[in-house]
Structure formats: C-alpha cells, structure tokens
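The two complexes that follow have chain A in common; it is paired with chain B in the first and with chain C in the second.
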Partner chain A sequence: MNASHLMAGSPWQRLARDWRSWAVLIIVAWPAIDLALPTDLRIGALLPNILAFAFLALGIHVVTGATGLLHLGAAAFVAIGAFAFAISTTTAFPFQLGFWPGLGVAIAAGTSAGVLLGLPTTRLRGDYLAIATLGFGEIVVDLLKNLDVITKGTQTLGDLPKPWLGVTLPNIVSTANAWIWWHWLYLAFIAVAVWLLHNLQNSQIGRAWIAVREDELAARAMGIPVARVKLGAFTLGSALCATGGALYACLLGNSSDPTNYDFMLSVMGISMVILGGMGSLTGALVGAMVIGGFNVIILDKMTRWLGETDSMLLSLSNWQYLIFGLMLVLMMRFRPAGVVPERRTARGSR
Partner chain B sequence: MPDLHVLLEILVIGLSNGMVLALIALGYTMVYGIIELINFAHGDLLMLGCFAALTGVSMAGLPITPGSSHAWITIAALMIIVPAFCAGMNGLVERLVYRPIRGGPKLTALVSAIGVSFIFVNIGLIWGGLPLWAPAGVVNALGIDPAPFGSSASSFKNIPALLPAENLLPSHWGVGIRMAEVVTFGTTIPVLIGMSWLIRRTRLGRAMRATAQDPIAARLMGIDTNRIISHTFLLGGALAGVGAVLLCLRGDALHFQFTGFRAGMDAFTAAVLGGIGSLPGAVIGALIIGLVRSSNDILGESLWTNAMVFAILILLLIFRPGGLLGSTVREKV
Partner chain C sequence: MTALLEVSELTLCFGGLTAVDAVSFTVEKGSITAVIGPNGAGKTSLFNVITAQYQASAGRILVEGATIERQWGRAETLRAGGFTLLAGLLTALALHCQSLWSAFLHDWNSLTKFAWGTGLTLAWEEFLRTGTWPFAIGAAVAAAACWQHWHSQRRTPDLVHRHGIARTFQNIRLFRRMSCLENILIPRDTRAGYGRLAAALRLPWQRQREAAEISAAMALLELVGLTAAAHLPAGSLPYGAQRHLEIARALSSKPRLLLLDEPAAGMNESESADLMRLIRGIRATGTTILLIEHDMQVVMGISDSIVVLDHGEKIAAGTPAEIRAHPAVIAAYLGETVEGQP
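The block that comes next holds the complex of A and B.
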C-alpha cells in the first residue's frame, strides 16, 4: 500500500479509506445481513461453495497471475484434492481419517502431483506448458473415471466427515443456518491462504515470481534460479487448488462426478484471475466472487425465476460457454489488466 | 497375436482417420507457423462445420437413400458449402479477435483463442437445439421423426447416412473397405497434393513461407502480411471444412463439445508430433495418431485411448518439442 493517498492518517483511517476493508467486513458480516433479507433473496447457503472456488482462483493466481505460466489443468488438482480427501475419509474404505488429517492428505497429494507434473513441464515454453497442463487435466479425469475400483468412478465416494472444531459442524443442507459456520470456517481458511500469499509475494520468492513473469531471460541474468522458482510456484498453486477440492468435497459430502472437474472448471479458474486482474491477489478474490457468484447464485436463481422452461434459448445455463468465451475475448482485447489491476510499487507488486 | 485381418482393419481405419486428422492438423500447423498461435478454436471450427453439414443434409431433403444420385449431389454441394462456411468463420474470427491484439504477449492471443473456442461450443449447442432439419409442416407431411438427429440440444447427433455401409471388397478377404473410406482417400490425397503445390509453387505460398520465416523482413519486402495471415486462416478453415464433411460421411456421432475438443486435441498432437510449423510433418503425425488410435480402439481398451493420446502429447512436448521433422528453436528474446 505504497500509493501516497493511502499513506496519510492513522492506520484506522487508512483502513477505512480502502474499499477492500469494507468488502471484507460485508462478507464476514454477511450472515447477519442474509438473515434480514426475505427468504427468496437469501443466498447465504450458497456462499461456502463460492469460497471453495476461491482456492482455485488463488492457485491459478500464483501460477498464472504472479509467475506468468498459463495453467490449463488446474481442475485436475482440484479433483486430486477432492478425491484424496474422499478416499482417505470415506466410510467405504478402511482409512476413515477425520476432517483435519484428510485435509492434510489432500494437500500432500496436490503438492506431490504438482511436483510430479511441474518438474518436467515448467521447463517448457509458455504455450507448450499450457497444452501439457491441459493434457494432464484430461488424463486425470479419465483416470478417475476409469479406475473405478479406487474412485468409484461416476458413482462418487460419499459419506465424508464434517469439519471438527471441538464440535462437528452440522450438515449444510439439512440443518437450518448451518451454513453460517461453514461460511466462517471457509473464510478463515481463505484468510490463512491470503495471509500466506501476501507475505510470500512481498518476499524474495514473490519478487522472483514477478521477475520470471516479466522477463525470463532477464531474471536468469540477474541470478534468479528460474526453474526452481517456476516449480515452486507451480507446486504451491497445485496445493492451493487441492485444498479447494478437499473443502468442496467436504461441503458436498461426496467426491462428485470426475467429469465435473473438466476443462470448463480450469477455464473458469483462468477467467476468475483474468477478470480480476492478472497478478493482483485482490483481483483473484474479486474474480472468484464474481464468477463463482455468477455460476453458483445467478444461474441458480435465474433458473428458478424463469421457471421450468422448454425453450432452450431462455435457459441461462445454455449460454454459459458464450458468456465465458466472450468475457475472455473482450477482456483480452479491451482490459487485459483486469478490473482490479495489479499495483506496481518500487519494491514489487501486489 | 492378432491375425492379418485385424492388422489390415487397423491399417484401413487408422489411415483413413489419419487423413481426416491431417486436414485439421494442417490448419493448426499453418497458423502456428505463421503467427505462433495455438489456434485453440480450430477443433471447434470443425465441429461447427459438421453442424453446417448436418443442416445442409437436411435442407437437401430427407430421406436420402445412401449411395443414390441425390446423395452424391448432396455430398458434392456440401464439399463446397461447408469449407466456404468454415473458411468464412475462421477469417471472421481472425479479423475480429486475433488481429486487434496482434503484437501483444503470446498468452493473450492463446487466452483469446480459448475464448473463441468456448463461443464456438456455445454456437454448436444452440445449433444442435434448433429445429433446422425441416419445418414442422414438412415433417408431418413426410412422416419424418421430428427430431431425427438427437433428442435434445446437448445430445449426440446422428448424421443420416449418405453412403452405403456395405463392404466393397469380397467378404472372404476378411477386411472391410467402405465407400466412406474410398471417398476419404479420394478427397484428402488430391487436397494434400494441391496444398503442397500451393505452398511450394504459387505466389501466395511463397508469401506465406516468407511471413512464417520472418514477418518483419517479409513486410519490408513488400508483402502485406496481414493479408497473408488472413489467407492462412481462410485456407486452414477450408481444410477443416473438408474434414468436417468427411467426418460426417464416416457416420461418427456429432456432439457440440466432444467432437471439436477430441478432434482438435488429436490434430494438435499430430501437428506437434510431426514438428509444429512443418506441413509434411503434420500429415505424417496425423497418420501416426490415426494408427495409434485405431490400434488402441481395436486391440486394447478404447476407454484409455484419449488418455493415451494426451500422454503421447505431454511426453512429446517434454522430450521432443521439435517433433519428428521440426527443429528445436530457442525462444526469441
């Protein structure tokens, strides 16, 4: 926050002048606002879904936004996280770990898969890396679908544990207002991730990411170990995506159909980062809220408001591809920096 | 050990699939060679071409007896209309989407291409739901099933057969060659020879090669590179259009999402395998991928065929990014 108009005044005055503090306040206090709304307009129960999406955006933010590697297979890591969590915790298998160890397993699986894919592919040039990650994404979906001994394929692994915080969180669907606890828990997860990323980005590592993104040759010439920096970013991004996958599976109570983690999900993640602003942490979160919100809330509510319609043209979900496609094309053409452009400071960028 | 008949069957199916793939792979490799863009929407352009062919078939008046003169005239008409449609779409996209951002970062163009691919997919979805095959009155008068191509917008579409499905060879030979395969070879081989002539011998071809080699030098030599790039997109689109018609004649089911994505990834893998930017390489790569697919489909588990093609792609990108015929080029500063 080196911009001069934000520097004046006491820390509290500075916070009050930054729109981001108000956005955070509204999101944290949303349960109170939501309960005051008429039942039709309540969206609270859908919010944890969006917050789980935010991890996808944070993962892609690290790989694509900060380090400049176009990652088209992020959905695969979400799937790996979700299935690692499901396999290690479901009652269908003997492991039956709790929520916290299961989350640990998911993150470990995401991290190792990230190293496995990142080791050979981060050495590739930009567009080849993009295609290699895309291919990996498709292979993972096929593996999960075909290895149904382990993953139960499209039947999904069910009966996953709820988070345990001294007490077990109630089921989000069947218990009224249970979502409030999930909301705050997932917000806490995001807060930890954002704190971690914010500190990383202001460290030597984060500055190396930016240097590699801006000019790989120059970064190499300055003595930055480019291969290691890229691999580190790729692995961290994979771990974040896997965390999101585990949180999503936990929220859903099952692993979900492998085909849900397809290329569309990866492109949605890319769209979040591009819409928000490549390289901007705030932008990634804003993008996740807008696109996650569009996907989870608008599509859901619009379909309900329009009612059951026979007309294919009136069903909003039939226009989803067009909306994302147009958004990508138009953003690239007219506003490549996104809606919350990255701030560049003397010491790096945020 | 598979016997000779199985091997011959693999060969026939693999090579004819590979020839269709070659047409698509050429579109990838030409565009990449000239502006270094992985034209992500190319496979989906093919899918739109298939939908155009489907509409064309239904406008020609159903039912069509396979192999009748009615069917042959329809095929001939499709071979003109569909490539023209695909070329037009590709040219339009180049003009509206890629040209304004030319000169920017490479990934910007790639992300735009992904966007275009999604727009195409959505057009395919809506197209598949439109009752384009015949107006309701005609449907009732002819007694045709009102939705002959599939039950809903997003379902697989069955393309009406235009060619007879029986084997042209005596049955005791044990290997099948259908009319669709004959037409495939009969179309692709002249098209590929024509392409080779166009690139090697004509003024346009020389200008294309010059632009691919060094756009700035080409411009200094008086070549209108924008026009050449446009023509490359038109040509690539037309090839995809021919591929789309052949795909329809082979009787594969058409899907707004899978058809384009699978064909696109196969063809891109073929282009990389042959060495992206190299035209003969694209054809050789496509034949190899066609054979890999058919042998895996026939001998092994077809469930794993797609995963295998992707695995080949990743291994190629890692270990031999230059492909079989291409050369490894260091990224320019």
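The block that comes next holds the complex of A and C.
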C-alpha cells in the first residue's frame, strides 16, 4: 500500500524508478527502434490506429472504471465522432471544414449525444443502464446505416482531410515513414487527454466519481449531487470516445462502415479497461495497448506470416475472439484487479 | 429561541406498514439528544426521513424554523425552458432529417459553390412545413419530464447535507477503496462545487483550494487519531477506527446537526469511553448531536434529553433521569406487563 520508497530521491531518480516513464520513453522513441528492425517486423504504421482506439479505453475508463456505470454503448459514441468528423469535413458535403474544426465538431457532437443519452439513463441503476446503453449502441449503428442521404450508409463518407500542423500530414499509407508524424501527433492527443484526466481524477470531481462508484447512497448522503456527477462523467466519456472516432476516421481517410462500430467494439473497449485494471488510468492505457496491439499488430503479422489459406483453422481472425476470451478468463482468475490495479492517494499530501 | 431541529407529526409508511407514526420532538441547539427504542422501533427510519433518504408520508421537519426544499427560481425556469425547446427542436429535426437535409443541400454538387442562404432558407421552410407537430410533441414530453423530475428532486439527501445535516450509518458506509484522507475530503468537496475546467487544467486557485482542503482534512483526522492512516484505504482500518473515520467524515463539512446511528455498536468499554469523549468534544465545538444508541451507559452518560420510540410511536421524551423512571419505557424494554393475561 505504501509507496514511500518511490518518493525518495530527486525527481529524476523518481522518474527513473517508475516503469511508466520507461514505457512512455519507448513509445515516444518507437520510430527510431522501428526503423532499426527488419522490414517484416516493423509495426510503426499500425500504431496510430491503436492510439485512436486508446481514446475508447479512456472514455470507458471514466464512465465504467472510475464512476462504476456499466456502459455497453461506447462504440456508438466512437461512431458519432467518426461520422460527425466525416460529415463536417468530407468533400461530398458543402461544409468541408478542416481537420481542427472537424475535430471540434466531432467532440461537440459526442458531448451533446452524451448529455442527451445521459440525462434519462444515468438515473437508472446498474443493469438497467447497461441495457439502455446497449440499445442505444444498436440504434446508432442502424441509424447511420439507414440514413444514407446523410451518412452514405455502408458506402462510407470519404475524402477526409489529413491533420494540419502548419503543413498537412502526408498520407500514412502511400508515403514512406509518414506514420512517424501521425504517431507523434496521436501520442500528443493521448498525452493531453491523459493529463486532463489525471488532473480531474485527483480533484474533487474524480473523488466524486469514485465515491459514487464505491457507495452511491453514502455519496448522496455526503452531499454529492449524484445525478450531476454521473452525467458529467458520462458526458466526458462520450466526448473521449468521439475524439477517438474522429481520429480513427481521419487516419482511415473515410468514415468507415457503420457496422464496424457495433457491440463488439464496445466490448473490446470494456475488455481494455478490465484487463488494464478497473479505475486505473495507466491500466486503461496498458489495456488499450495490449488489446489494440493484439487486434491490430499480432493478427496482422500472424496472418501475413501464415499466408493466404483456405483453412478455417489457420485463418487467425477466426481465432481472434477465442484468444481474446481466454485472455479475459485467465485475467479474472489470476489477477482480477487488472494488470495495473487502481491505487488512490491524494496528490501533494505526503 | 427556535430549536435547531423540529420534527412534528412525522409519519413514514411503507405500503401498509407504518414505520414512523406521527412522531414529534425538538432538538435544542448545542444539545445531545438520543433516540432509543427496541429493535424495529423506527429509529433508523426516522434518521432516513430527516436526511431525505425516504420522503415523509406526512408531517414536517424544520431546521432552525425552515423546511429544506429546493425553490423554483430563475435558473430552474431557464433550464426547463431551454430543455423543452431543445427537445422539441431535436424531435422535429430527427423525424424529418432526410428531407431537411435534402432541402438544405438543394441542387448542390461538389463542382458548384454552395449557396448557404438558399440552403438555410429551404431547410427552414421545410422545417416549418413538417416540423410543427413533432416539435409540439417533443416539447410536451420534455416539459412533462421536467415537471416530474422537479417533483422528485424537491428534497434530496445531498440538499439536506448541504444545509448542514450530516450523518453516519448503522452499518458503516465508508468509501472503502478510497484513502481515509479522501473520505474526509468528499463532503468538503461538495461546497467547492465541481468546476470542471479549473480542475482539469489544475489552475492555481484549484491548487490552493486543494492544499487548504487537505490540511483541514488532516486536522480532522488528527482529532479522531487517524493521522498515521491518512493514506491507507478506509476499508483496511480496524472496525473501531472505521467508526471514528465515519464520524470525522460526517463532521468534515462542519454540519449544524450531526446524526449518529449507533456509533458505539460493537465497541468494548474503553472504546465506548473514547467515543463518549469524542462526542462531548464535538458538542463543545458547537455542533448539535442527535444519536441513536443501544448502549445505555453511553446514552445516559452523554445525552441531555432522550426520545423513546416503540413500534414507530414516541412513547416518552425527557431527561435521562426522567426516562429511566418512565413506566412506558421500562415496559417497552422489559417486555409488556403481564397484566390482563391468564
């Protein structure tokens, strides 16, 4: 429980003793490592994809991990973010905003959708909230699929702008090593989100989230406006998911088929949070890296190594959910609190 | 002088069961009042009504002469009005979004420049043509929801707490996985408000407030002798310490009235003595105390007045000496008198 051994020494010594600083260093410096690897071991170009989905994990972390609201419709907010970004920026429609305004629209859309869904549903208890959010997820996918005048349905809205940082980032697929810039940009987005969340969690707001999760009745009796706190957490989570959606669409260059944002994606997000450690911000990121890495990198590489095959058993994507499920079962059996269990200490008080 | 708490004709029914039956009593400012009675007498129910966990079926609860209820004000009007309008608008937009969208885009294609004026005018006309009924229906539903919500939120536990009535629970309800310090901070936080921007960006005043709150909370932990445990999870403390922490948590928002629900339950004699000293100390700082207790030594030792409940009814009230000699109390505690039975 007591981490006082971590607190000794200068700030630099403390940083060096914390495994998280090394993890961050490796991820930031990954382009250098990646370029040193043989060509078929290189994974850099796949990393921004994982980082975009890390936002899903962050969103679910706030709603489910910290506030304890089981949210089964997070993918819907990813979809809302992706489509809001696509609609406001695509050349198929007259708005044609740039990357940054488009991102703003996506976040605003996610926030409003979060408030709209949260107002009635965050008053529901446990399982009912899960069912309501699950239903919402299905409704959104169906709407996006069928409102094809606006969303182009499964044809997807294409031709989205690349991020603009004084210069426009080159296409990640067609330009060699363009991924490095995408990687750093998306890392910066994650860093900002993590910084904000870290501050929130160590403030009265984060404490209110945890208190509501721990004991809602006591929290209310201690003066916490529970409905407001839940709605706030839910909205923030939705905004984070929508940000991830916008970044994903931008990376892909199109809005992607609405059916890609189905229930499985929500489950994936929840698994990230569970695997990493419910309630732990570091855990959510670790979970996102592990599961995202598995989905995006391992499957991609293994499939390539195994080569094209007709055999059902040798096609890895058929094994994906099996391995995935096994991973969660083992996790629950041997380390139920997650890879990085939550530890709460008030900042600046030691 | 008006009493700090005045309960009059308070009744709480669960279906056919009357848990609290027309109970009236007052708690004077600066006093320690005990509520006693056999198990199931309605003591905790009474606490739950006072703190708005349950809504009273009848009767009034006045705190320094005033009821604690939300008042409808400007902010409520604005919020409800805005919500109603927005809901109507969204319903109208959602029901006809495809035709509105087509009207808005009119004959635009990616080669021509988009005429915003024409698009907006056409969309507006389409909205007027199709949107009236959906708007009315959406707004009506939203207004009804607002109305219902308002009535369910007139009197809530968090509001009562913010009006200076804090409580502990019979079965300890700490935030077990949070540290002791954080447990103490929670009620204080509610006064600071939940300014998201300041908290997210960790602005200077947020940092100052946080530091001030933490030092105040540490002082309170010292009062109950838990300084060393400040950073341990509350759930890891021994039982007696958890009781003390719960009292400290209730105290941390500086309440006018502190409700203690069986604070001495499960404590041995020396722990009870410590607790009595703590409760007297709290009273000395000007906090009025209302407590439920079974331990008669504690009750008789510290209370200024005692209210006795049985089967939801008040059967006696008075000073400890009066209560000790009261026939109805003796009957309730020792069982019904055998008079009239064969």
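The working rule: the second predicted complex is superposed on the first by the 334 of 350 C-alpha atoms of A that agree within 3 Å, B and C clash if a C-alpha of one lies under 4 Å from a C-alpha of the other, contacts with A are read in each partner's own complex, and residues count from 1 in each chain.
By our rule, contacts are C-beta pairs under 8 Å (C-beta built on N, C-alpha and C of every residue); 3 or more make two chains touch, one makes a residue touch a chain.
Every value quoted in this text rests on a predicted model; they were computed, and no experiment measured them.
Novice: Quick one: on chain A, after the overlay, do chain B and chain C clash, or do they fit? Just give me the call.
Specialist: fit
Novice: Who does A:A188 touch here: chain B (first), chain C (second), both, or neither?
Specialist: So A:A188 meets neither chain B nor chain C here.
Novice: Quick one: is A:L217 in contact with chain B, with chain C, with both, or with neither? Answer first, second, both or neither.
Specialist: It touches chain B and chain C both.
Novice: Does chain B (first) or chain C (second) touch A:I139, or do both, or does neither?
Specialist: First partner only.
Novice: Of the partners chain B and chain C, which touch A:I274 in the superposed model: first, second, both, neither?
Specialist: After superposing on A, A:I274 lies in contact with chain B but is clear of chain C.
Novice: Using the superposition on chain A described above, determine whether A:F324 touches chain B (first), chain C (second), both, or neither.
Specialist: It touches chain B, and chain C stays clear.
Novice: Identify the partner contact of A:G232: answer first if only chain B is touched, second if only chain C is, both if each is, neither if none is.
Specialist: In the superposed model, A:G232 contacts chain C only, not chain B.
Novice: Could you look at A:Y128 and tell me whether it touches chain B, chain C, both or neither (first, second, both, neither)?
Specialist: First partner only, chain B.
Novice: When the shared chain A is used to line up the two structures, what angle, as a multiple of 10 degrees, is there at the CA centre of chain A toward chain B and chain C?
Specialist: 80
Novice: If you've got the overlay open, could you tell me the nearest Cα approach between chain B and chain C in whole angstrom?
Specialist: Nearest C-alpha atoms of the two chains are 10 Å apart.
Novice: Using the superposition on A, tell me which residues of chain A are in contact with chain B and, in the other complex, with chain C.
Specialist: 120, 217
Novice: Considering the complex alone, what residue numbers of chain A touch chain C?
Specialist: Within the complex, chain A contacts chain C at residues 1-2, 91-94, 116, 120, 147, 149-150, 196, 199-200, 203-208, 210-211, 214-215, 217-226, 228-229, 232, 279, 342, 344-350.
Novice: Mind pulling up the chain B residues that touch chain A in the complex?
Specialist: Within the complex, chain B contacts chain A at residues 36, 38, 97, 100-101, 104, 106-112, 114-123, 125-126, 129, 153, 261, 265, 268, 272, 303-304, 306-307, 310-311, 313-314, 317-318, 321, 331, 333.
Novice: How about chain C: which of its residues touch chain A in the complex?
Specialist: 51, 53, 90, 97-98, 101-102, 105, 108, 110, 114, 116, 119, 145, 156-158, 161-162, 166-167, 169, 173-179, 181-182, 185-187, 189-192, 194, 196, 199-202, 206-207, 210-211, 214, 218, 230-233, 236, 249-250, 253
Novice: Along chain A, where are the residues that touch chain B in the complex?
Specialist: 68, 70, 72, 120-121, 123-128, 130-132, 135-136, 138-139, 142-143, 146, 217, 263, 267, 270, 274, 312-313, 318-322, 324-329, 332-333, 336
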